[in-house]
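Worksheet: one structure, shown below.
Going in written order, the chains are labelled A, B, C, D, E and F, and every chain counts its residues from 1.
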Amino acid sequence: MALTSEITKKTIIDLVEANARLDGRTIDQFRNAKITTGIVPNAQGSALIELGLTKILAGVKLVVGTPYPDKQDEGVLATGAEMAPIASSDFEKGPPSAASVEFARVVDRVIRESGIIDTKALCITPKEKVWMLYLDLYTLDMDGNLIDAGVLAGMAALLTAKMPTYDAETQTAGYENLTAPVPVNGKAIGVTHAKIGTKLIVDPTVDEEAIMSCRFTVGINDKDEVCAIQKGGVAGFTDTEIIWMIEDSIRHAKELRKVLP
Amino acid sequence: MALTSEITKKTIIDLVEANARLDGRTIDQFRNAKITTGIVPNAQGSALIELGLTKILAGVKLVVGTPYPDKQDEGVLATGAEMAPIASSDFEKGPPSAASVEFARVVDRVIRESGIIDTKALCITPKEKVWMLYLDLYTLDMDGNLIDAGVLAGMAALLTAKMPTYDAETQTAGYENLTAPVPVNGKAIGVTHAKIGTKLIVDPTVDEEAIMSCRFTVGINDKDEVCAIQKGGVAGFTDTEIIWMIEDSIRHAKELRKVLP
Amino acid sequence: MALTSEITKKTIIDLVEANARLDGRTIDQFRNAKITTGIVPNAQGSALIELGLTKILAGVKLVVGTPYPDKQDEGVLATGAEMAPIASSDFEKGPPSAASVEFARVVDRVIRESGIIDTKALCITPKEKVWMLYLDLYTLDMDGNLIDAGVLAGMAALLTAKMPTYDAETQTAGYENLTAPVPVNGKAIGVTHAKIGTKLIVDPTVDEEAIMSCRFTVGINDKDEVCAIQKGGVAGFTDTEIIWMIEDSIRHAKELRKVLP
Amino acid sequence: MDKPAWLIKNGIRLDGRTPGDVRPMKMIAGFLDKADGSCYIECGKTKVVVGVHGPREVHPKHEMQDTKALVRCTYNMESFSVDSERRRPGLDRRSTEISKVSAQALEAAILVERFPKTAIDIFMEVIQADASTRVTALTAASVALADAGIPMKDMVTAVSFGKLYGENGEEVVAVDMDKPEDNFGLADCAVAYMPNIDQFTLMQMDGNLKIDEMRAGMAMAKKACREIYEMQKAAIKRRYE
Amino acid sequence: MDKPAWLIKNGIRLDGRTPGDVRPMKMIAGFLDKADGSCYIECGKTKVVVGVHGPREVHPKHEMQDTKALVRCTYNMESFSVDSERRRPGLDRRSTEISKVSAQALEAAILVERFPKTAIDIFMEVIQADASTRVTALTAASVALADAGIPMKDMVTAVSFGKLYGENGEEVVAVDMDKPEDNFGLADCAVAYMPNIDQFTLMQMDGNLKIDEMRAGMAMAKKACREIYEMQKAAIKRRYE
Amino acid sequence: MDKPAWLIKNGIRLDGRTPGDVRPMKMIAGFLDKADGSCYIECGKTKVVVGVHGPREVHPKHEMQDTKALVRCTYNMESFSVDSERRRPGLDRRSTEISKVSAQALEAAILVERFPKTAIDIFMEVIQADASTRVTALTAASVALADAGIPMKDMVTAVSFGKLYGENGEEVVAVDMDKPEDNFGLADCAVAYMPNIDQFTLMQMDGNLKIDEMRAGMAMAKKACREIYEMQKAAIKRRYE
């Protein structure tokens, strides 16, 4: 395991107590987010995010599928996420860990519940053919706060993705010379706080995650409403802390939307 | 492992030698079987059996499927069984153990080979659509003799199960306001003996199973014929022992049928 | 692990240095290959090869399937290979090892790339139904050089295989009274050399494989061209060595074709 | 199930409850014999059996923790527990996520440092699913842990809250979602709460809630949890009568 | 395969056998080189190769038994061994069950306490399946164990018996079911038997048999097993000629 | 993609290259922070990220080697990296084979005996696949190993060669296959080469080549590898500027 040394832990705790952090940020400051889109021409949309040292690659593929029985006139969003061992010596090969399942599901929830994907516009022929929108995330470098970075990467890939053409005769997708955008009507944002000592810090690094007692992710939709919440870690939050984190998340979401394409 | 202590083993062996048992039964006595049906309204049929301290929950689901190529006018019975870790510290998480596969297959064999399920009556449209009858067993509390308890629970669930309706247009099942019974024409029973020392005891507890040298399960159909046999464990049986156990099983089956709905 | 003793290793190395081998062969000599076909009447073609002590059973099954979207008028060849634990105490139960995946894929590549299977002749109805040709290999006794033995066994099974009949009404295969041969137009051969010390030896035994520094397999088609190559093991080959091995493989291929039916 | 015209009308929900009402609940501590602690629970039509094994030896060994007990949770739905077609047996991605956050929610209350190098395994078997299954299971798990004699700082009580639409388009926050409310409601939030320590140890929400609705929901959830807490204590007490 | 009008007529079965006849059998001990013991067997058109590895080190370690050898068995059917479409490779639930009861049936004969902390692994590869594969494999396994020099109390011999329908509706008990008899017969019972100790170590039956038919079948099976036992001994003897 | 009338015409390939030209390449050593060594590489439109972790502790323990480092490789294609429909995530049989031979090709260069009882893990993530992915990944892996400070006898450089059809049916050997050349070319051969030791440590070929074409291809590949070697050295040098 890529252990955070005891001395680093002590330093982090002392700094946070004084509202400061190892990388120079205040406790309520997000790291710089750099987004590069179009890095994977074979995908219908793609983006590499660098949130501090955390790097996640997101790609979108649209393929022809059949609708779910209970939603026969809607396309399907499916989000996958790999915490691949390239990104951290803490990640292992093999079947998806519970952590990577949680990661994928929370990113999915933030985007899905924000309502920004017009799944009805992804219907080709009701009851028969719809577009399956696969959003896959690959963590390449793990320096903490995968969820928020994953939502940003996923949103950037979605916002720049182009629709394939549909060949009615062969019932297959065509992937050349695409122009029409994927029906995405807004920007969902995830904002995560961690609790260290009695302080709540935003956008934790991996060293901070190693010593946090718990974390709290808020998904924010375009109307500044809460569209998803995931509490993680063992310790608990008071309702005062929760309300403060939600309010703070709404503030951060306004800034983070600006880095999206 | 939930070890049976050496002292308990010794006591059991001594008692059995004297035709007696730790729980007060004679060696040829079944435990009391209490069956509660209808415990799972979402299932088409369900039953909780308490055979002594052994608890198994059985549920029946009927779904629309396609027939097997070699039996195009028959529905399909599929039996699953989980020896879930809630029931015993001897049961492990993960893929089904060989023991749980054997458990499911023997319960299936007793019910299937007794001929009591009218699979032709489970045909909807020959060659196209049939009812898939899924019988699933969950062991909640493991105090031995899962097979006999599983057959009783499964039979109770089947005997009280109701047929879904079939919507020809959507080719799906409807699960509301059900009245017609599932076509079950009889009561299959499984009876298991275990060999401890030179004695054959019926309906072993988990402590008895821990010291038995082998076991013998007989499936009995409505005509008091043998419809299934499964010998388990390492040691062997003489033909005299086998014939005696079959005769004894037929006797017990008559009594056990009375506890079924 | 079935260890090759240190003394055996030393002997092999000394012998090879003198162009000789433990089993009396020269370093450029193949073991005797004995092929028995038709051993599995339930298969459409089958063969047991004994290459020295190595034994591999190959069987061919033809079933009705659907074509790949990009090859709608061609049947499909699929090769599987098991390095089952019966064959060697080095082989383990469980999911296919990387070694067995490589084994299957290289045998497949030699046969497929030689072009001898007329996949278009395996088309039943373009875009709809084609023959799936499954070639499965089971290693029963492992004394080295599985790839070459596997290609020989596979070829013998293919060359003696008969086509099932196609029942257009039920869209299924009929397996009785078969006479038409499977469309195989030639004989693909694999030849493997191993490097021990500075020497290149052909057709290594399992003891020789245990001490070789690397190996090189050449697939040869009917026109004496190279149709596949797979280098294995850690050390490297010079281009002079590679060219010599290819030339030598072409020579051996001529002889090996004679043992095929 | 078809979408109803409203989920709440004149302050009364489809099944007759007011927004703050939880469904009738039933808890039986010590339901199982072979588990170290157990609880059978009903919340409306939702039914769950929870069994606790431990503190016991850790398998696999490499998961052992030197300074505290390893708390593991397995949330599982029986194949026939759902109102739709048969669920494929085994753990899916949803179960994996719920198992993870449930273990954390419970560990928050357990005095884990008293049992270093051991495992406490909590198995939740959902027998009949009528929404709010994870919170119902958590409530039962806390009783099962107490039944197993495992010392805790506080009980964990759990409930869901959400947002219902009314006859005239009004939106109403309410606790303990049932199946129609879960399927058609405007938001669903599962919480686990320690009533004495006054902290939330689990929170998972989806849907759409304004911050004031979050405030209202959390307040209603806390009130409901205190009621459930009394039922938990009563269930444990009955066990020793 | 279509259902025939009868499986037995005037006491003669479809392939010409009487009820007590086993099909022609062939056994080759020492068929494999790398296994510690092995046997190739044919029983009519059924063909199986069995290899034994052991006594050897136990992997995984935690399966090791302190006072006796661990006897493990893997029954596997080659993908092309069946008369229908290709069988998907790998162990299915049927193979898992057969492997389990086969290991127990063989362990009954092995002097396991002589090899504590070791594993004896028996691999059964069904090459061509024409019914009665598990009993044919068991008969070969016993020869392979002897070939491996593993001491046994007795040989395990195995055969199937079942019930056939005749031209006029009569029902006849017979041994060694072949494929049509397995597919259409009224009952099928696999048994493993130790001829000197006179005990059955495996019995798996399905179909319908009256108790008198069970008696008759077991008697016929014992007689057949004694014949097979002589063939086993001959095969082992040939190995050392 | 439809089959073009020719892949080479008057000595010029579809994308304007001569037979001996490799596509434009770009390498960034030290692309990742948490890996011990890393490299981002582009070869035409093919893009790969390689990360090296190690030498480090071996898990699982039983894979540990007493006298040398265990070199493991994982070649993985992102689900969206291909030009066709989405690839199912995870390792398939092709990835398993490539991972195996890639580990061997790299181990040939690493001074493994200096790090007994450790593991060196090389992860290759194919981001965008436009043919020749495995050789592009191997070239980057060598840079990543150097970036990790792992001592090597030589760099491993890798390239593909193959055979193209011309306008008039002529057949031409060329290096560095791109996607149309890979799809429609007459042969494809991946090689890894150590330029100073002058040995090939990986070779995987399919298609059809006469022995003289093999000779020509290997000569062209060696020349291309020497060019790539200079780019590798430059990338490593840039890392320390």
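As a convention for this text, a residue touches a chain if its C-beta (ideal position, glycine included) is under 8 Å from a C-beta of that chain, and two chains touch if they have at least 3 such contacts.
Only a predicted model underlies this, so the values are computations on that prediction, with no experimental measurement involved.
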Any chain that touches subunit E and subunit C: none
Pair in A-F, A-D or B-E that repeats C-E, with over half of contact pairs matching by residue number: A-F
Rounded Å distance, subunit D centre to subunit F centre (Cα mean): 52
Whole-Å gap between the CA centroids of subunit C and subunit F: 27
Contact graph of the chains (line, ring, star, complete, other): ring
Traversal of the chain ring from subunit A via subunit D: A, D, B, E, C, F
Subunit C-facing residues of subunit E, complex: 32-35, 45, 47, 49-51, 53, 56, 59, 74, 76, 78-86, 89, 121, 123, 125, 127-130
Subunit D contact footprint on subunit B (complex, rising order): 2, 39-44, 46, 53, 55, 57, 59-61, 63, 80, 82, 84-89, 92-93, 134, 136, 138, 140-143, 173, 175, 206
Subunit A contact footprint on subunit D (complex, rising order): 93-94, 96-97, 99-101, 104, 107-108, 189, 194, 197-211, 214-215, 218-219, 222
Subunit C to subunit F touching residues, read off their complex: 96, 98-99, 101-102, 104-105, 109, 112-113, 115, 214, 216, 221, 223, 225-239, 242-243, 246-247, 250
